[in-house]
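Shared between the two complexes below is subunit A, which pairs with subunit B and subunit C, respectively.
The block that comes next holds the complex of A and B.
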């Protein structure tokens, strides 16, 4: 028995139905803690090198953490890992909701899926009962539709994760849906599900999880909830959730607009958090034990269709709103719904579609290629493109490969404005004058993703004018001066250790990052759950070790991996921003290289970005990994 | 006059040299803007200011025993 953990790894071979229940090893717990840590270790150790991401040998690992499912704020996170079809390297994704706790209450900390089912199937788990069941009646249906079908058939107590038609068609940016509007969105893990003929996992758990000091945990947990409720920022944050940042991101000229051609949308107040509250929101919607529900559930009515939808979050507002020039919150929400139901990552889908629209504007693609006239700001065009991508119809078959491969195959220099790193499409922050954030995207282990490291605030804090001048100017500025690019490595690295640590522990970071729930509480809660005294600094060092390990996975799995995979798209270092608060600003290629040189040195990687042997040794990875430094 | 200032978690991550909660003394009433100058915090990273549980802008003049919460930008999900 390991306090805090269910104590079992559940392995299911979909090829032959063999189910294995393995005791959770103590050394795995001590060295990698949980969640993302378990995934990184197991992928490196168990995945055969050069595995085809959509082949039978690829694994999907679904992992909870030691703090998942326990009585503390926002303990409902579940982490997914696999070899990514989008990047060919380490892929992971995270979802809130209730699935992870249900898995843990059923008795399993980790679920590992291998092989391929003979026919469309779903995995049924009810405590110790584990069965592969036919899923013909669900195959082809959307994620919300399927989840409703499962709940009706199995009961409301079951928690469901499911893929949509996009995952079935192996779209490289297909996502896993859960809880009617939550997604494990990034890196295309739903396509791995699809390649295994796996439509869904349904789990119900009625067990319990051992805790070191349950009475003290209950008392501390109750205090933690009250502490969050009493935080001064609590009331200000909840009504709009993450959409509340939309105005600020525009004010500082970092809002993706028209395929990242520019960084300010003059219509942003029509698609911000206030617009959600005033025009579409019905209720707030939260996850397991969450006191700060970030979900905004509502109804969107448009000329293209109407739907109930959770969202849009800020990312969807950025990539489906500003980036596609949809100027009403109803249209952004509806596009969000279409992505959800089809099982498409709304971030990647937004970037792929915006690339198509720019290609069309430039005459590189025409109506014959794509099937009809398409344009920015037209919801019908966008819904059409999302559907042909999800179904791989016509040119949608190419687009389903992601913007990197699409642009490489189309040519005409369209790679210049294919906004991605390592094959993963960029998320909602335009960074041509935010060097720390640019470096964060470039060096993220899964490709261009902000959740690994978010330092835009640091970039803006140091932007240009003195505080005095800014205050005298009324606190805003019509134009930001060029930001300093040197010296960004430390703040990026610190963020790259801090933010993913929550994915290791199995909890949501919003309470800490946005509401200010202090680190000391997490240390105490960790002790009361596990009985282990581990300081926050110690846990950050585990997260740092995992960072090097995921880099090593990429080095092993992606042929020729190195510095060349860390570059941003050429648009960002060749084209100054044409207008808005950051008019004229961009980061040059020379500055990009300077930032990478600084970062690699700080990391203990060689000039090609490969972890050195001494670094691997320092982090206790040498029994697992041999360096491939040049 | 005495003013209590609290920083949101994300703001504290940016301004690591500042405590998350502090009490400051001023000989005359100050505005939020003047407070930010004193703390060397750029107004560009203050998304919301709450004074005694009410939203205020940077021209607001603080009074004795005001409790000020400075909220920084969050990473949108």
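The block that comes next holds the complex of A and C.
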């Protein structure tokens, strides 16, 4: 028994149906703590050489952390990892909701899926019972539809993760859906599910998790919730959730607009958090033990169709709203629903579709190629494109590969405005005048993702401003001068250790980042749960070690990996922003290189971005790396 | 005292279930809670909270008279209960809980901890 943990790794080989229950190793817990740490260690150690991301040999690892499912605010995060079909390197994504806690109460900290089922299947887990079952009736169905079918068949107490048609068709930005509107969206792990003929996992857990000091945890946990209730962010955040940041991002000229052609949308007030509340919201919808629900569940009515939908959250507003020029919240919400039901990551899907629309505008693609006329701001065009992508119909078959491969194959200089890094499409912050945030995207281990490091606030407002302060601060749109690019490495690296640490612990970072729940509470809660005295600083060092390890995975898995995989699209260093607060601003190629030089030096990586041996030694990764090299 | 559920405020976070199991069993195990949350999704997109309203049907159904009304709250006498679970079957709100780790069913004791910690004020203890 290890306090805080369920104590077991569940391995399921879908090829032969063999189920193995392995005791959670104490040294894994001590060295890598949980969640993302477990995933990085296991992928490094266990992925066979030259694994095809969509081949039988690839692994899907679903991991909770030591603080997951425990009595503290927002302890319901679940981390997914795999060799990414989108990037060919380290892939991970996480989801809120209630799945991870259910898995842990069933007795498993980690679920590892390997092999390939002979027929469409789902995995059934009810405490000790683990069965691979046929999924014929679910195959081809959308994520919300499937979840409803499962709830009716198995009962409300089962938690479901499922892929949609896009995952079945191996779309490289297919997402995993859960809880009627939450997604593990990034890096295409749903396509790995599809490649394994695995439609879903249904889990119900009724067991208890051992706790070092349950009496003290109960008392401290209650205090923690009450502490959050009294934070200014508690009342400030809940009404609009993540969508509440829309106005600020637009005001500072960082809002992706028209395939990142510009960074300011004058229609932002029609698609912001206030618009959600006024026009579509039915209920707030929260994740496990979360006092400040981001989810805004509602109904969207448009001329293209109507649907119940959770969201859109900020990322979907940015990538489906500003980026596709959808100018009403109902339209953005409906596009969000289409993505969810098809099982497409709304971030990547938004970027792929916006790239197609720009290609069309420029005459590089025409109605004959694509199957109909398409244009920015037209919901019918967008719904059409999402459908042909998810079903790989016509040109959708190419687009399903993601914007990097699509642009390389199409040519005509379209790579310049294919907005991605490493093969993963960019998320909701335009960075041509936000150098720290630009560097964050460039060096994120999974590709262009904001959840590894978010320093936009630092770029704009300097140190010490929380997201809540930024939103509450108001302000007016004004012309911004070009930002200094030097000296960004430290703040980016600190963020790259801090934010992913929450993915290691298995809890939601938003209580800390957005609501202002302080670090010292986590230290104490960690001790009461696990009985291990580990300072926050010590945990950050584990997170830093994991950062080097994921880089080592990328270096090993992606041939020719290095500096050339850390550049943003050429649009960002060749085209000044044409209008808005950042009109005329951009970061030059020389400045991009300068930032990379500074970053690699600070990281202990060589000029090509490869971790130096001394760095590998310093973080205690030598034996792991050597064991694979030999 | 009565525990009132206001479905329209519920966000489905299940803190109430966590605190219920901790208060009554000192276990990290929301499946041992004496209340439940149903998500009505995708349509109509709402939550339903099921809590004990102390209707007493469990006591009426108990063949050995093991459920007693004490200060307005029906409580199970563990000494008298035989674990037949008939009360679980008759509970109209399905909040008498049969748990695989226990011989006796789990019932709301009206301790009010769920109402104290509900972040949404969706559970209220009223006189």
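Quick note on the criterion: the second predicted complex is superposed on the first by the 609 of 630 C-alpha atoms of A that agree within 3 Å, B and C clash if a C-alpha of one lies under 4 Å from a C-alpha of the other, contacts with A are read in each partner's own complex, and residues count from 1 in each chain.
Note that in this section a residue touches a chain if its C-beta (ideal position, glycine included) is under 8 Å from a C-beta of that chain, and two chains touch if they have at least 3 such contacts.
What you are looking at is a predicted structure, and each value in this text was computed from that prediction instead of being measured.
Once the complexes are laid over each other on subunit A, subunit B and subunit C both fit without any clash. Once the two complexes are laid over each other on the shared chain, residue contacts for A:618 go to neither subunit B nor subunit C. Of the two partner chains, subunit B is the only one that A:249 touches; subunit C does not reach it.
Of the two partner chains, neither subunit B nor subunit C is touched by A:532.
Superposition on the shared chain A places subunit B and subunit C such that, viewed from the Cα centre of subunit A, they span 80 degrees in steps of 10. Applying the stated contact rule after C-alpha superposition, one finds that A:416 touches neither subunit B nor subunit C.
In the superposed model, A:279 makes contact with neither subunit B nor subunit C. When the shared chain is aligned, subunit C comes close enough to touch A:215, but subunit B does not.
When the two structures are aligned on the shared chain, A:233 is found in touch with subunit B, with no touch to subunit C. Taken over all C-alpha pairs, subunit B and subunit C come no nearer than 18 Å in the superposed arrangement.
By the touch criterion stated above, subunit B contacts subunit A in their complex at residues 6-15, 20, 33-34, 36-37, 40-48, 50, 53, 55, 57-58, 67, 69, 71-77.
Against subunit C, in their complex, subunit A makes its touches with residues 69-71, 98, 101, 105, 127, 144, 147-148, 156-157, 179-181, 205-209, 211, 214-215, 217-218, 221-222, 225-226, 228-229, 282-293, 295, 297-299, 307-308.
Those residues of subunit A lying in contact with subunit B across their complex are 232-233, 235-237, 241-249, 251-252, 294, 313-315, 317-318, 428, 450-451, 454, 456-458, 460-463, 467-468, 470-471, 474-477, 495, 498, 510, 512-518.
The touching residues of subunit C, counted against subunit A in their complex, run 8, 10-15, 18-19, 22-23, 26-32, 36, 38-39, 41-47, 99-101, 117, 119-120.
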